[in-house]
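Look at the two complexes coming up: chain A is in both, with chain B in one and chain C in the other.
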Partner chain A sequence: MINLTINGLKISVEEGTTILEASTFLGFPIPTLCNMEGLSPYGACRLCVVEIEEGTNAKLVTSCTYLAEEGLKVKTASSRVIKARKMILELMLASCPQSKIIQDLASTHEVRQQRFKQEYEDCILCGLCVRMCEEQMMAKAIGFRGRGENRTVGSPFDSKSEVCRLCGGCMYVCPACQLRCTYNEPEKAICGGCANLSPPCIEKEKFDDMMCYMEPCVSCEIEKFNNGG
Partner chain B sequence: MDLSPVADLIIKHNKERGKLISLLEDIQDKYGYLPDSALKYISENTGQSLVDIYGVATFYKSFRLKPVGKHNISVCLGTACHVREAPYISEEFERQLGIKAGETTPDKLFTLETVACLGACALGPIVVVDGHYFSNVKATDVKKILKKAREGIEKVKIKTDKRVFPVGVSCPRCNHSLMNPSHLVDGYPSIRVTVSFKNKHGWLALSSLYGSYAVDSEYKIPEDTIINFFCPHCHSELIGGTDCVECDAPMIPMIVRGGGIVQICSRRGCKGHMLDLSGIE
Partner chain C sequence: MLQLNSIEDFNELRRRLLTDQNGKIPTIVISAGTCGQASGANDLIRITKRELLNNNLTGRVKYRITGCHGFCEMEPSILVQPRGTFYPKVNMEKMIRIVEAVNQGKVLEDLLFVDPDTGKRIEKQNDLPFYRNQVRTILASNENIDPIRIYDYIQNDGYSALAAVLEWNEPEWVIDEVKVSGLRGRGGAGFPTGVKWGLLAEQKNGSGKYLVCNADEGDPGAYMDRSVLEGNPHSIIEGMIIGSFATGATEGVIYIRAEYPLAIKHLIIALRRARELGLLGENILGSGFSFDISLVKGAGAFVCGEETALIRSVEGKMGEPRQRPPFPVQKGIEDKPTAINNVETWANIPIIFRNGAEKYSKIGPEGNSGTKIFSIVGKVKNTGLVEVPMGTKINEIVNNIGGGSVSKTPIKAVQTGGPSGGCIPANMFDLSIDYDSLSKVGSIMGSGGMIVMDENTCMVDVAKYFMNFLKDESCGKCFTCRKGTQRMYEILDDISSGKGTLEQLDLLEELAYVVKDTTMCGLGQTAPNPVLSTLGYFKDEYEAHIKEKRCPAGVCKELITFSINENCTGCLVCLRSCPENAITGSKQELHIINQDKCIKCAACKSVCKFDAVDVI
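Moving on, here comes the complex of A and B:
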């Protein structure tokens, strides 16, 4: 057993337990995006960062991939951690604003504005679909191609994969391609409301399964106004 | 497409995942690029998934999935060339050839690529066409370079080249002279460089007579050894972007006094060399 301290609470965990698992067990929530039970930890989204050690040695690590160590001191919600998470969410909103999961995470972390160039990508390269395909569906039909800013997910040669069984697992786990806010025109995938200065939906408690959780949605309201009421 | 060479190479690299990159390198040497069918063949015959192989092939810049053109143009965009306006040169090539960097013209004649450093910073901006160096290139030279490439750059016939004349050379990185008047080889000042091979590290004196292969060295260098050359002044490795046409070992570029670049093969005993005097003219 390994003894460590999370937010001042002592806990003993088995060897091989990640910080994320240990703190979830203690009831300290750590937001995650690219982590999913049944898939190997990947550490791509960086949302689960926590602060380990103290003083000048303190550093941020991804709790989903960092294994518990003897005597480790972990802070899951220090100001540095919160600041880093907010920045990560802003970056995600900048690249993929239409994802309900990212919008929800931004709302709960009170990110109301993002400062970067707005792009409308539909992939944040979290690798969930790639791991789903490989580890749960045993297919290996899709993977990462290229590198750097040209990195994409897809099948080899962009052709129909021979090993894909069309199980839909990749779409099921994707944080970007499920439940989009589709505005009132389906061909426009983005309402843009989530990237506006202060989303009016922030007060709303439950989002349920609505396609657009913003009510009133800024864009819908403007549209109504333009159509004369 | 005949895939029997791929089958042989797979046996040579015995199907291990760790050998995938060397396998792909060998296949690219054979075909000039990585054909789709070859990647599929590897996947079927080694049990590795096509996605992984394709991921590796697209991750590394040195792998290409499309055939290359007859002439290969590399424009150096390394720091020293960049500040001397090399980006304009690459743009000019793109404009004249009607392709983007990394692409091949539809007539399969030219492949244009940009590279990070060709090891001859002192002569920048550098353009290398089919292994031949063009130095101090200006955007206005692009047309001449293309014309020259179309006509076919004069290839020195290594076995029949009978020219013999003394040359003075300097380091392509720092431009310091490499000539050593106190050590004569063939009766002329020798070219002094630092070499390393295996665990040995010492000096090497090359004959400065173009056409002579006489050398003098601190340690006896066994035939066929590929040697690393270093400048004795700036200690940077003398290495360019081209490989020897005879034996595929890396070529060592050196600046010829008076303008131009001479390249010699880094393999002991190989007589591969290339001389590009004063670039374009």
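Moving on, here comes the complex of A and C:
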């Protein structure tokens, strides 16, 4: 067994356990995007970073790929980690605003701005599909090509692969394929409605046809209060 | 064919070669590395052979074709041994005269190097300001060795370190000696080599262990490794054999980029000759110890120099780094323990055993022992390969050995460590060059590239240039490295074209730190260095681009205009040089640039002899 400390709590885990698994066991949430049970960890999205060691040796590592080490001290939500996560999400919003998973992650991590030039890419190269195809479907029909800016996922020579069984597993796991609701401003990079901003009833003119199911509704109460109760 | 079956056989061969050697016969040494060949050394080789044959001089004058001697600026150059006469920038006509002069024991005064400071001619190579201040423990062998002749190497003490190590027959002692020498890896990170070897030796693996020579050298402007590979391949092979004896490694791999054809050729020949002689392969020198080395050619991705990517590339997979730990020493090629060292690191090994580890450790400051080769390029007079003890001051390299600025414009900064290194401003040239000092000021040693920049270099443009390289060369696996470098490039591009804002500048800095923090391999972790170091030392330049829409160095095209001032004599030269016909004016009249047509190529400025073209 390997003993380590996560956010001050001691835990013993079996050799080969990742920091992510150990933290999840203790109930510390770590956001992930390119990690999925049943597929080998890959470390592409970098969202699951945590801080290990202390002082000048302190550094961020991806918890999904880093194995627990004896005596390791882990912080899953230090200010350095939070700052990095928010920037990663902001970069993701800038590239792939149509993804529901990314929008939801951005909302829960209170990312309220997107300061880069807006792009609309349909893949964030998380590699889930590649691993799905290889490890669960045993097909290896798709893979990565190129490097840097030119890295893409695809089948050999972009032609229909002979080993592809059209199972759709790749599409099923793809976070970029799960479209978000577009609210009423499809162009906006940050999700405008439910999770992020004000509840619909505050901006009534934008939500003509929408019903509010909140009972009691906090914002209605506040509004009533502001209007002198 | 001669086969050495024992250490005694080797010593015998060595004794014979040393007595056969006649050091008095004048020898014309032709520097014919890739750089030399590109500047015409092949012609010189032809002419020399012809002249020697036609004049029946073959017994009286010898010639030797060698790798690079380091003084690139003066290539193709000729060295006459044993006198040490140095002839710079030789052409075919000069070569004919040199052959004749060597035969007559004369020196051709008019062809000698002219010291740009004193105007005096200097005869001997070792008296040139460029060579005088160097300590060339590795590079100096290049002039004495024809890389395809193993006997040349043996005559120059080659393989004697291996013979001594085999004779002593104690692997632990070898590792201890490397530890005592204090040698740190020359590939960039500066990890103590002895410690790495110790770790490999500890690994128990019945199915084999690997030793790798990392010859991927992908940094733009760096070619130290190439010069050693081309000029002295046996030194690397000897180093690797000693390493395998010490660590119990069973297989060796030299991972070399395919863009180095000459180095590959010399390595193939060297490996074959070493095998034929019994210095490599089964039962080396009859000692019962076996080790062989194979060559793997890389397809030229910068990231494949990173050790875990290199391992995957050797395995035939896509060159993509992976998480460390497990370190290669634990899990490397085909999951077998693997130790990877840089070319220059390997080349240092025979030297340590020839001269003694204790003595080696005394070169350079504590914790940074030995000499290091730098490739100094850019705006200095003497570009080339410079070998100096660790801890030498930047000033010494740039201004003494490099000869200072090539033009009247003062030097502004030096960029060390390749694309992911940092820029060090001229007011810090007192800094000594070692792993620790460089990282303290936000740069890295890298593999030893050194780019000198003068006041006509725009730091925003420099950062943009390197970021462009990195965004193409990132393997693309880590989201923050791939997108981070792209976004940093995007912001730098905005700033250099005058569209940047101060908010973007803050965003750039914020992003740079996150990229540093959240990427997996050394490429991503150091990628923000060009941005952070230029932001740290030259923030005013960034601000000038943003607030005043002005490029102080006159480089960023969108922000500059070319105009002609009263110095213009109306000589028509610029008018003819302009590719867009944007300049009007007639003889002896002030010329005018039509701004609508001007593409800012600076052709006019470079041809004007009267300083009449202004850039603002």
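Things worth noting here:
Here is the rule we go by: the second predicted complex is superposed on the first by the 179 of 229 C-alpha atoms of A that agree within 3 Å, B and C clash if a C-alpha of one lies under 4 Å from a C-alpha of the other, contacts with A are read in each partner's own complex, and residues count from 1 in each chain.
The rule is short, and it goes like this: a residue touches a chain if its C-beta (ideal position, glycine included) is under 8 Å from a C-beta of that chain, and two chains touch if they have at least 3 such contacts.
Worth saying up front: this structure is predicted, and the values here are computed from it rather than measured.
Applying the stated contact rule after C-alpha superposition, one finds that A:144 touches each of chain B and chain C.
Counted by residues of chain A touched, the larger count belongs to C, out of chain B and chain C. Contacts of A:156 after superposition: chain B is touched, whereas chain C is not reached. When the two structures are aligned on the shared chain, A:16 is found in touch with neither chain B nor chain C. By the touch criterion defined above, A:55 reaches neither chain B nor chain C.
When the two structures are aligned on the shared chain, A:125 is found in touch with chain C, with no touch to chain B.
Touching of chain A by both chain B and chain C, each in its own complex, is seen for residues 143-144, 146-147. Contacts from chain C toward chain A in the complex involve residues 301, 303, 318-320, 322-323, 325, 471-480, 482-487, 490, 503-504, 507, 510-511, 514, 517-520.
Residues 140-147, 155-157, 163 of chain A are the ones that touch chain B when the two sit in their complex.
Residue ranges on chain A touching chain C, taken from their complex, read 42-47, 49, 59-62, 65-67, 69, 80, 83-84, 87-88, 91-92, 94-95, 115-117, 124-127, 143-144, 146-151. Looking at the complex, you find that chain B touches chain A at residues 36, 39, 49-55, 58-59.
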